[in-house]
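Handing you this structure, nothing more for now.
In order of appearance the chains are A, B and C, and numbering begins at 1 in each one.
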Amino acid sequence: MSWTVRLTWWDKLLLAVMAAGAAIAVVRYGGGIGSVANINNAYPWGWWVGYGIMTAIALGGVGFTITGLVEILGRHRYHALLRPAVLMGLLCYSSAIVMLMVELGRPWKVWMILVSWAPSAALYEVGWCAFLYLNVLVLEFAEVPLQQLGWARALKIIRVVYLPIMLLGVTLSHLHQSSLGTLLTLIPHKIHSLWWSDQLPLLFLVSAIMAGPAMAILEHLAAARWLGFEPRLDMLAGLARIEAWLVGLFLVFQIGDLVWRGAVGAMLGGTWFALSFWIEVGAGLLVPLVLLMMPEARQSRGGLAAACGLIVVGVLLHRLNVAVVGLRVRHWETYVPSLGEVGITLGITAGAVFAFGVLARILPIHEEMSALRVRQPRPSAVPSMAGGS
Amino acid sequence: MTNHWVDMVNADVVLIMGGNPAEDHPIAMNWLTRTKERGAYILHIDPRFNRTSSIADVFAKLRSGTDIAFVGGMIKYAIDHDRIQQEYVREYTNASWIVGDGYSFADGLFAGFDPAARSYDRARWAYARDAQGHPRRDPTLKHPRCVFQLLKAHFSRYDADTVCGITGTPKEAYLRVCDIYTSTFAPDRAGTWLYAMGTAQHSHGTQNVRSYAILQLLLGNVGVAGGGVNAMRGESNVQGSTDQGLNNDILPGYLRTPVEADLSLASYLERVTPVAANPQSLNWLRNMPKYVVSLLKAWWGEHARPDNDFAFAYLPKLGRGFQGQGYAFLALTHAMLAGEVKGLFCFGQNPAVGGANARLIRAGLDKLDWMVVADLFEHETAGFWKRPGVDPAKIPTEVFVLPAASAVEKEGSIVNSGRLAQWRYRALKPIGDCRPDLDILDGLAQAIKRAYEKDGVFPEPIRHLAWDYGHEPDPQRVARELNGRFLVDVTQSDGTRAAAGKQVPGFAQLRDDGSTMSGNWIYCGGYTEEGNLAARRDATDAPNGIGLHPKWAWAWPMNRRILYNRASVNRKGEPFNPRKWVIRWNAETKAWEGDVPDGAMAPGETNPFIMLASGVGQLYAPEMVDGPFPEHYEPVESPVRNAMSKVQSSPCAQVWQSTEFDRYGTADAFPIVATTYRVSEHWQTGAMSRNMPWLAGLVPSAFVEIGTALAKREGIKNGDRVIVSSARGSIEVYALVTERFQPFFVDGRLIDEIGLPWHWGYAGIVTGDIANDLTASVGDANTQIPESKVFLCRVQKKGSA
Amino acid sequence: MTVPSAKPKAMIQDNTRCIGCRACMVACKSWNDRPADHTEFFAGDGYQNPRDLDANNYTLITFNEITTGARPNWVFGRQLCMHCDQPACASACPTTALTKTPLGPVVFNEWRCIGCRACMQACPFLIPKYDYESLAPKIHKCTFCADRLEAGLKPACATVCPTGAITFGDREDMVTEAKRRIAAAPGTYIPEIYGLDEVGGTSVLHLSSVPFAQIGYITGLPKTPMPDLTHRWLRVTPHVFGLLYGLFAALTWIVHRRSRRQEHGPT
């Protein structure tokens, strides 16, 4: 593979969105958060935290879920999804960090977290964990470019530490994915009963695990389209069956928790909160579950894309509902994300997608790309990222 | 106040009549909080429920201008239920005095009314006299012409139904107030009566106060701890200003300004010095000549001698004033408008906003040749020539603005409502070229004196003025002069010698022979050889533990904290209420204990109200210009007929009608009653507070408080812009719609009332329309204080037809 | 002058004595050097301004018109940081910028603040406010005049209150006094001390003549400290870490031993 990439119209579009986001970011830094964002004292966390951090990290869980599936549970059938998943995880977490630099009031002080000792703060745990996990992702992914560059000595070190690092990554992910939920457990009276739970940490963990396969499937379908290889629908179908179980698990967990907490009435009330809840559960869980239970859907590109797309949106809605929509505020207090907020997040997301697209064209991320040139390798006895050329 | 602020804690019942101490005297609320803790009742009577009502036990609403009906009903209630402190009333008031045959009252008028002159011949109200010329008395109070019976008959017309039909007070609340308040007739219970501008600023304002005095006297509440007739003064040092004689009709110490007809000192003194009604009356003011002469000696020093009538000729004399209406504020503003006033010194006042009929006042300012303003900010009066709607090029007035130092940037005393003079020191140096008023006046006086050295018409009063307060004028020297000193060696009344130059220890030592000088006899005793007593800060209470704190600063007169305290004991000197005694006679030491007694005489030797010629409390007051008894009249602008009599409004009120600004409205065009008041966050015309960003941020814009029913009828929502108009003008303000202002059921229908805080004008960091543009030039009969507290208006949403 | 004790302090806010004069608001702005508000009208029942606490107003008097039948009433409430004994804000802050001090105040060290607003989410009383227009924004809240307390003075608000609606002293004395007042005048107070037990106890004890929910207070709060809710998850972090790491390592070994056996077959 060569190091040069020809930019398509999609690349150019992404670059334009990135530029717009950067321009808005300049205003944000020059004029203060209030000059671009609608977040206020009633809603201190809004679209940026809900989407740009909480959802980005949740979706970044594709890294640890696919890693866990392939490397820990040994389901090498899905080996081809491993590198893309790790790269996606790396880019999702990087997006979250960039978002943090915009969202924090004093981003130049973010290092303060690393020199403080605040074990009672969920955000402290998230910060440290995510920081460490980002390093893990870098190390996990490093093999790919190092291999491409042919730096044998570095490659050897990476391969040696791979196993403990991989285990660390999966463990850390469990911790901070659940801590995102812990962040919101200490405000039971501030979050609507439809979403607050003392099991929020576990709910967030399961939702992140649920997001993994969905992201992986979506990526495979999109990459097949753009890079021009045939999507391996049978592999995807198998993963989709697993995903169906995960969606079912989360659905039972979420609804069961609601019933346990006596919030059934809230589910059936004629409020905006209930509406938001049913959109989240209906579109994000029920419809995808039905789709994924149908073999025809599991084996079709359209069915898979629809189901997994909805699951991802559902994760976003869930996080937004818990952290923003479900917030109980005074009757005159409102929040709607501003164009500036949305613009910056779109720019960051566009950046991640752009980076993925470029890296996918200059590095052997997809086995299918090299399989177009060499035959399929046997699965290795020792777990590693090695695959393809 | 006859009593003082701390004394509130001794009250069993506090009645706040149309006042709002929570907003206008918030520091004093501390005492009301404490008295409430001790179980006292707080009764609040007011047109609307305000921040004071929020801590009251009973709130009874009353339509502005109907105080006399309200209190008249309470007087009747007290008499009917025999809630009279019998011994007190019999011994210490003129209840037993017999009124002569000349007095009568019918159809709303007292005997002797001259409609053309709008005044009474008060000789008709004289007492019946005995052979010695003393008023005759009936101690049984049964004689049909005795004051008590005449009082009873007069107020027999004020039954609860009639009263509530006038005031609009719900009858149940009214009777509750009557019941709770009149319970203080018992010797061991005291009620304190608080009032402020809501009482005074009416065409019958002095009669309002008279009604309170009558009720308090009947209940035995004057001169006792927790009692009194207590005015909450409108500014922090207005008590001091009236003490120093800043009103046109008084000299320092409430001596009377001489009039044109006083051709000599002797004739003046003869006219003003009261004569005791009977031998039991001490009639302290018979000493007035001593105070007048001492004052003249203070002002003209060695140029005031026995052979020139002590420079009496140098004193300005009052004529008949502008159009025969005197020299008070309303007359002054009309004289300005007529172009008769060349120049105005305006020190710490902002009449363009604060005076009644403010448009008239501003038009009058346009006619001045020059004006000197001394203030902290360039307020509406200082900047009248550039107010909205005028062309400065057309206004010829030369305006000098002298920046003045604020209260914390200068030394001096402030006298609070309780007559307590507290000395304070300078905390900060004034900024820039701001100077204390004393420095400004000293500079002016010196310059004027220098000018009169060269020439001038009748220059002697200025040239001979004794004026020396130091190169940098020292307020302590002024204070020392107010107290006064001996000018020659004298032997005092107790036999001791006092050397020339020594401070006089008390006004009992002042003389009329020119051997003493005193700038203000009521302050004599405040700065003695002991030092500046107003600067003392010893908080120890007196042995009677009623909050006198006699060594904290100094109160006039002679540090007496509760006036008329001889009325708190019986003729033997035993307190009526031993638990809260004010003074008591110690038979062994043959001396009084407790507060400074009203005269050191032994008990029983004299009647307690020593400052009155009668010596007793006046239920019947023939000295009043508009009647010896209060009678309810409607305000000059009223929406209803007077239910008590055919006389619609006070027949002696001063009603200006001479200019285009003096217009009056009736209920068909202006059906709503309006009143004016203040809020805690702003001060007076807002000249200071609307320049304070934090305060301006709390209460930024002019607004009117409107009841929800009225608002609904006019389609006005909270926060809408509305136009409020009276016959004299209209203003645009925000509407604050509230449940706290409810209409009054009067004369068989609902009458609406609205209220306007009057703090706004066109200068300052936040501005607004001027509420006083709507008030009228109507003056009280006795004092000519403007009737700012009630007038007629209408309210419309802005933009509606 | 008596030497002030070193025991934890508290404040009584007695709304039956409050006349809504707002000397406390002005004194607070003065002591904390806050700029004035630019308002146009009012933002509540009556004269309230501003509508809510914000970066420039660390305390607020709320005006509440409560009419029962024909009888109007005007009750004043006060909002300010409650200086909780176990503050949720301090527990949520990832850089320990907020700490509870022994004398009572929950103090804010702006040098440590990264502007993440976790404390704003965490506070059950909705107290910390942010200056979104600033280029280096941070949170703002009542400091309990911690610097004044160190010098033996009372907080600025307690010093200027004219009616004694704000009383300040050792917490144990303030609790006793609050209970005494309710017992002495039961018709005046509702029998509740807001802040005594809420979220595990705070340093500001409110008394009222009407139910607190009617005058803008946040009610229905648990009596247990809020940090307990996160604490029970976070404290097992090291244990869970070890457990999971071991579990995943074991799983990996088991799974790949089986696959190796499959590859090589039985020997």
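Everything that follows uses one rule, which is that contacts are C-beta pairs under 8 Å (C-beta built on N, C-alpha and C of every residue); 3 or more make two chains touch, one makes a residue touch a chain.
None of these values were measured; they are calculated from a predicted model.
The two chains most heavily joined by C-beta contacts are A-C. Taking the mean of each chain's C-alpha atoms, the chain whose centre lies closest to the overall C-alpha mean is C. Separating the centre of chain A from that of chain C, both taken as means of CA atoms, is a distance of 34 Å. Chain B and chain C have CA centres that are 48 Å apart. Per-chain Cα centroids separate chain A from chain B by 77 Å. Across the complex, chain A meets chain C through its residues 29-35, 37, 39-42, 44-45, 68, 71-74, 76, 103-107, 109-110, 112-113, 116-125, 127, 163, 167-168, 170-171, 174-175, 178-179, 182-190, 198, 201, 330, 332, 381-383. Interface of chain C with chain A (complex): residues 51-54, 88, 90-96, 112-118, 120-122, 124, 126, 129-130, 132-138, 218, 220-222, 226-227, 229-231, 233-235, 237, 240-241, 244-245, 248-249, 251-252, 255-256, 258-260, 263.
Residue ranges on chain C touching chain B, taken from their complex, read 16-17, 19-23, 25-26, 29-30, 35-42, 45-47, 49-50, 65, 67, 70-76, 162-165. On the side of chain B, the complex with chain C involves touching residues 22-23, 26-30, 32-34, 49-55, 59, 170, 679-681, 693-701, 703, 719, 734, 736, 738-740, 742.
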